[in-house]
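Have a look at these structures, which come just after this line.
In the two complexes that follow, subunit A is the common piece, with subunit B as its partner first and subunit C second.
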Partner chain A sequence: MRPAEFAALVFLGLAAMPVVSVAEDRIQATGSLGVVIERATGSVLVVDRANRAALNRIEGLGDLSHASLTYSPDERFAYVFARDGGLTKVDLVEGKIAARIVQAGNSIGGAISDDGKLVAVSNYEPGGVKVFDAGTLAPVADIPASGKTIGLVDVPGRRFAWAVWDSGEVFLGDFSGAEPRIEMIGNAGQMPFDAVLTDDAHTYLVGLFGEKGVTAFDLWSDRPEPRRFLTDYGKEGQDMPVYKMPHLQGWAFAEGQFALPAVGRHEILWVNRDSLEQVAATPVAGQPVFIIEQPASPYVWVNFALPDNDTVQVVDSRTHQVVDTLKPGKSILHMEFAPRGAEVWLSSRDDNKLVIIDTATRKQVAEIPAQSPSGIFFTNRAHQPGL
Partner chain B sequence: MRSAPTLLALLAAWPALAGIPTDRAVELEHMLLQDCGSCHGLTRKGGLGRPLTRSALETMPSEVVVAIILDGIPDTAMPPWRPLLTEEEAAWIADYLKTKE
Partner chain C sequence: MRPAEFAALVFLGLAAMPVVSVAEDRIQATGSLGVVIERATGSVLVVDRANRAALNRIEGLGDLSHASLTYSPDERFAYVFARDGGLTKVDLVEGKIAARIVQAGNSIGGAISDDGKLVAVSNYEPGGVKVFDAGTLAPVADIPASGKTIGLVDVPGRRFAWAVWDSGEVFLGDFSGAEPRIEMIGNAGQMPFDAVLTDDAHTYLVGLFGEKGVTAFDLWSDRPEPRRFLTDYGKEGQDMPVYKMPHLQGWAFAEGQFALPAVGRHEILWVNRDSLEQVAATPVAGQPVFIIEQPASPYVWVNFALPDNDTVQVVDSRTHQVVDTLKPGKSILHMEFAPRGAEVWLSSRDDNKLVIIDTATRKQVAEIPAQSPSGIFFTNRAHQPGL
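For the complex of A and B:
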């Protein structure tokens, strides 16, 4: 069989693929695996970076628009947070669902505690945070909120931080004792749309939609206080409509700077990590959604909201210049780098495929069929605080 | 595409929607589910934005829905879609939301 025929067979096979257990014929280590959300079909695709291939598809996870996931410390299980409140524990080794609950009406994301024992979910409807046993998914704690909770991250010491879209309040929850201790640590501002923890778990950054600015909380401090910055970006000129909320999970922390998406502006804003002063702005092709650092390099990659979501740009964090503009496919929703940065995987929702680009040449090296793919999550996330 | 036959059936049964060419209607349905869905949920049951199910919009007059789609809701995250949609297309979407489960 010629390679092309084989590829076609693989392609056809995938489209109608029965779920095959990865464990059947060989031992499957998980270090090069990943999980891709297939948002429209309520399924996830388990992929293998090493072979640039899809291993199997797992179905029945619910409404996966805006779904995300986090990994168990042993990289065996993915906890998938679905829009419809579903929390599914997927076993990558067995290729099947290990446990599943529907824990709320409408949820937005989640996190796993530093010790891997607790999984927390942030909910829109009814608003709040629920905490579950990572082994069994049995309920552990239920913390109601006055609105939609966003930006849930794990903080060292069996803690979680989150913010409330409706009120701007930011909370730190400590689950290390017999009873959870929940503390309001300050108000971030109007309509916080997402938040992120820096890789050193030092700063919790909360992005605002309802007013200009970003609010930083120093989580190394015993008394974290809100510190506002970027309060007056883009003063001149009209703001543009935002057709998709930026995501902060991939906020890049390159060259001693944060690279942040301007909201309502087609710009990346560069902020000095220590002084929180803006150092530069890079005009880009559209409203940035994800700005992600290419590991072990000076570059960040950015994708965009509608109508520029077929474009991806690469920006040099030293010069703040766009160095490349790519058109990898229709509706590029997410990008995930191999941990050492050699390649990047992109999801092209409307071309129903994953595109793999070599970061040295910035040329496509492979593609994998997938149904309306959105988030791509490699298992190395298991070892990073805040993810 | 799986949604095409339902859409065709809908179009045939519903002369009011005939103004939008079929392939554009397929695109609009896709956009409605996927792109409106990023804030309102793929099943329209709500997210950052309120639910857009048929029952949720029952009491809202079509003109209001069309106006919200085209001009957004100031000081909220609902953006104006006028740069991307014509008035006929917004009306098509409003009809879809108000009639289809």
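For the complex of A and C:
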């Protein structure tokens, strides 16, 4: 995998010179790179979409059993948020850890400001949000909360939004001035479990666990107000135990609709993006975890909680019908599309591999070994508000 | 600008070794890079958004008086389409020309397939579309047409769409198999002058110059059919001479609407994305050239043809009102937003500079010298269908 130049250098006996840090991955552009969380080993795998290959493994990131990450705007650095409160800045170009801190006892996710200057982390233990300098990871702000914070997203204008599980409060924090300005913009309802920002940064959607429904906030408004919808969903059927909480970052926005997981039900719910009225429900093979739009297509792909996590279904957002059911591997934990939609990468945790499927044929075209892979994150996320 | 490693190598007398191609920009990630067309000098300027800086100038690209480009999926290469039929593959990492051919007498633009394997060019003289291997620029296919081809875009599944100025015909070419399959999918109308694909690759919109109206094709359909709209627009007012043809790649898709330039009028037309009915018209300062959505915001920005090309206006897509009028420099030819919307870069051709404006304050925050700059293209375009 090393280029001729690097081999030549080693041959010339210059291995101890500074120049050897010009490792193989340095001479490649970052646009088709990605990072895969290896949940059991505290490691991440840097992958290259263009060559369908793993480039290198970086270890020592802590407890990655529930981890996510966000990218710097130049795609050089991934900020990995670990379950144990670790925040690790990974250098994709150098292939190593650039900085690492343990900033809390238990954290759940994070975000980077639109200008790439600040990284914010949402914490469970203790609750609240901490904000760090993206360059050095030096602390910038510590915002306490009355409980566990969830659904942290970046909002344009060097702002972040988040919700509090215990109180239902939703906050907007503005870090563009000398001092942070934190505003409570409303109460979402009982036990918000996750939240997501629409791709145009217009609507902040908060999913509720303690009661039925979803709450929307219009972040383009000067005075965002909570607007509850889907308040009846699931009331007529019988709910099942929730084996795995769905992830709202997987909520798809297709054809003027939101495609939402029905918590505890084997259903996808389709909601009109403007009216917030439910327009359809699609029965699916299990409890949805991620519902992800295949870019540049009418389709969304869905994976499921146990015991159906060997199954992936493809649903047409126009007809709301399942058009394909795949069995790509054991325990499919995550799916990430090439940004223009030509292929999708899936994590098959218990097969210890990544599976790559061509979206035109829906057939496997390649696989890559990985250790208990979970989240897959391609670098084009650097350019998406809310990711 | 050269890193210590490079200087050390030169000092060691290894300048003639292959390793010296490890130039400075090789060690930087590509996510915040961009390429600026310098229209009068046949050169391009590689810029870095993260540092608001020019990195290097690459010369010898031919007649760039009407040029555009597209990126490889890994953001390493820009394929520059010149007016004189030149197709130049620029290596952003090495900072040099990787390959160059003159493939026709007069070309108008091009596109790259969703998998990054094929580059297609639409030509005026002779007409038709030529397709090249993205790696080597070796010819792959030569599709004749009954006239000048315009509005060439990539469509998922290794396909391209284009229209013919002389005949109004619209074609879909499928290059996923051993032999190309070219299908005429309908007639758009008289003198299509440009076309654009919506961000979800759902609708191919063709602007007409020979008659009133715009024609839409549903590319998600197995049998796309032409659907004409805005057929009355401008009939009641008096049209003015068209000083500069608007660019449809600037059409904005905001709030469930298309924002379209009224050809020959001082107006933006707003059309409902689903019904294709006109919902509003906004009087503006001149004849619109580019109408571009500010990402993650309710705003579109508009620049204008002569004699109003010193003016840029900002319009709210919710109220359809002009909310700001800026005079950022002489002859503003193009605008490109940071992908998450924090700032916008403008080409001020006759001031020989790029102007950078913070979108939160709408104040200039920096400028960069450039020679007669026109198009600005940031690398995140690599991840957008239709660009």
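Things worth noting here:
Everything that follows uses one rule, which is that the second predicted complex is superposed on the first by the 362 of 387 C-alpha atoms of A that agree within 3 Å, B and C clash if a C-alpha of one lies under 4 Å from a C-alpha of the other, contacts with A are read in each partner's own complex, and residues count from 1 in each chain.
Note that contacts are C-beta pairs under 8 Å (C-beta built on N, C-alpha and C of every residue); 3 or more make two chains touch, one makes a residue touch a chain.
Remember, predicted model here, so these are calculated numbers, not experimental data.
Of the two partner chains placed by superposition, only subunit B is touched by A:Pro307; subunit C is not.
For subunit A, the partner with contacts to more residues, out of subunit B and subunit C, is C.
Of the two partner chains placed by superposition, only subunit B is touched by A:His66; subunit C is not.
Once the two complexes are laid over each other on the shared chain, residue contacts for A:Lys353 go to neither subunit B nor subunit C. Residue contacts after overlaying the shared chain place A:Phe209 against subunit B, while subunit C stays out of touching range.
Touch criterion not met for A:His320: it reaches neither subunit B nor subunit C.
Within the superposed three-chain model, A:Asn106 lies in touch with subunit B and out of touch with subunit C [touch as defined at top].
Look at A:Ala29: by the touch rule set out above, it reaches subunit C but stays clear of subunit B.
Residues of subunit C touching subunit A in their complex: 4-5, 8-9, 14, 17-19, 21-22, 26-33, 48-50, 71-76, 92-93, 114-116, 154, 156-158, 176, 200-202, 220, 254-256, 273-274, 295-298, 318, 338-343, 359-360, 379-380, 382-385. Partner subunit A is touched in their complex by these residues of subunit B: 30, 33-35, 37-39, 41-43, 45-48, 72, 75, 77, 79-81, 83-84.
Within the complex formed with subunit B, the residues of subunit A that make contact are 39-40, 63-66, 83-84, 105-106, 108, 124-125, 148, 165, 191, 193, 209-210, 241-245, 306-307, 331, 349-350, 372.
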